[in-house]
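Right, one structure below, let's go through it.
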Amino acid sequence: MPFIYHRTVRFQDTDAAGVLYFANVLKICHEAYEESLEASGIILKEFFTNPSVAYPIIHANVDFFRPITCGDKLKIRLIPQKLNEEKFEIDYEIIIADLVASKALTRHACIDTATRHKKQLPNVMNKWIQQYKFVPIF
Amino acid sequence: MPFIYHRTVRFQDTDAAGVLYFANVLKICHEAYEESLEASGIILKEFFTNPSVAYPIIHANVDFFRPITCGDKLKIRLIPQKLNEEKFEIDYEIIIADLVASKALTRHACIDTATRHKKQLPNVMNKWIQQYKFVPIF
Amino acid sequence: MPFIYHRTVRFQDTDAAGVLYFANVLKICHEAYEESLEASGIILKEFFTNPSVAYPIIHANVDFFRPITCGDKLKIRLIPQKLNEEKFEIDYEIIIADLVASKALTRHACIDTATRHKKQLPNVMNKWIQQYKFVPIF
Amino acid sequence: MPFIYHRTVRFQDTDAAGVLYFANVLKICHEAYEESLEASGIILKEFFTNPSVAYPIIHANVDFFRPITCGDKLKIRLIPQKLNEEKFEIDYEIIIADLVASKALTRHACIDTATRHKKQLPNVMNKWIQQYKFVPIF
């Protein structure tokens, strides 16, 4: 079951062209990621200041299909996927009134913050992936 | 009756000192302003792209009383006040678990966007001020 | 000849993990794009408020190879490439002390801002691409 | 002697009203602060990740006198002032073509990051203040 995050486009998200500044879509996607972690029972305060483990983004991409403007009511559909024992990625669809306005992806590595070497995903993250991952009906 | 806006502090709002980046408090206050306009029946999409009238901020200030960190659940208490026929200001209290973490203020002028001259506040703004302004009990 | 842009990583660019917030790399790349336009003789003020033509980003991606922190002296190497009469893309390498820390790409469509239909790249943009595009030595 | 910082207004700094988003002026002022520290011989990388001392902003304010738009060439004039042994503030003037477009101020406390108690300004900061502070001619 994907995680759904609702978000209004703010004035600060826009630029002088009158639309959402392109890089801010990725910020909104990261917000959806934070909300989904919290919904899964993870304490954000500890998650982002954990002294031993972090999940830096090693790749991100985004496609735009239609302009997004101030006041738009976005529905962000988030689906995580495990790539291997040390990596996962997240697919995001940014939807306005049932039309996909943008799609994005972030790929994360699990690292030991002291050594910055890759390490196995802990159970809380496996549980989060399990909770929101794509489950084919057939 | 003040307007109340709830907002979780996002990772993107923080800086390398591990706390909310100071200027981002003002962005969060502006979000509260946008939400209050919408709650008052104003269509944000039109409000910020209205060809004839705008409300640029001519002054802002902010005080910090305690650190604000990622994941904090903020309650922003917004109170507008009319200064004269062409100006209003907004007081913001940023509260975490009943403690005031920060206070801010934005002062706005009502201008004609074509000439950038000041003009009278329209009825929708007077109504919004009326709705959320401070009303002394005694 | 690629365009080179120098940029110090600012405190505001970082997050509570102590490193550059991932989406901010794309903001820095866009700064490099703006600087390259200006270096090519284009007036930014007019470019971004031109009533008839705009170059919205339709795709962007970014890869991270090493952490980037506050105070880092970045050298951004920008190379534009024409894709067809209505589209171009830009490759960015973000270099710290001769090591590539990140790579990014933005793909732009040329549109008529009134109709939002694609249109031919104007001469100023063709000249800019010509000036900074990749020229193989062999 | 005030410190002078030159900065072009970027597309990302603007909003859908076509002007500099108000809170971003404070970000630009903070950039000027960082540049002045560096010009004074301070290593930014260590300054913002120093385990024992930090200079959080406890107050900020900003006034706007004229609109600032994308591509504008800003000259920021920075003047620090010591308030007492544990506090300093910085005055900023944002100038476009010899006209003051905005004025801002940030007030900083010197704290021990472990206890978050106030402590005496270290020598490097006193030297920095000395270097750029206002010196009356008469």
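List of remarks:
Residue numbering begins at 1 within each chain, and the chains themselves are lettered A, B, C and D in the order written.
Keep this in mind: contacts are C-beta pairs under 8 Å (C-beta built on N, C-alpha and C of every residue); 3 or more make two chains touch, one makes a residue touch a chain.
Model, not experiment: these values are computed from the prediction.
Looking for a copy of the C-D interface in A-D, B-C or A-B, one arrives at A-B, which has over half of the same contact pairs by residue number. The chain with its C-alpha centre at the largest distance from the centre of subunit C is B. With centres defined as mean CA coordinates, subunit D is found 33 Å away from subunit A. Averaged C-alpha coordinates put the centre of subunit A at 24 Å from the centre of subunit C. Chain contacts: subunit A has residues 11-12, 14, 16-19, 23, 27, 30, 48-49, 69-70 touching two or more partner chains. Those residues of subunit B whose C-beta lies close enough to touch subunit D in the complex are 16-17, 19, 22-24, 26-27, 30, 48-49, 54, 56-64, 67, 106, 116. Residues 11-12, 14-19, 21, 23, 69-70 of subunit D touch subunit A in their complex.
For subunit D in complex with subunit C, the residues that touch the partner chain are 8, 10-12, 14, 18, 27, 30-31, 34-35, 38, 43-49, 69-72.
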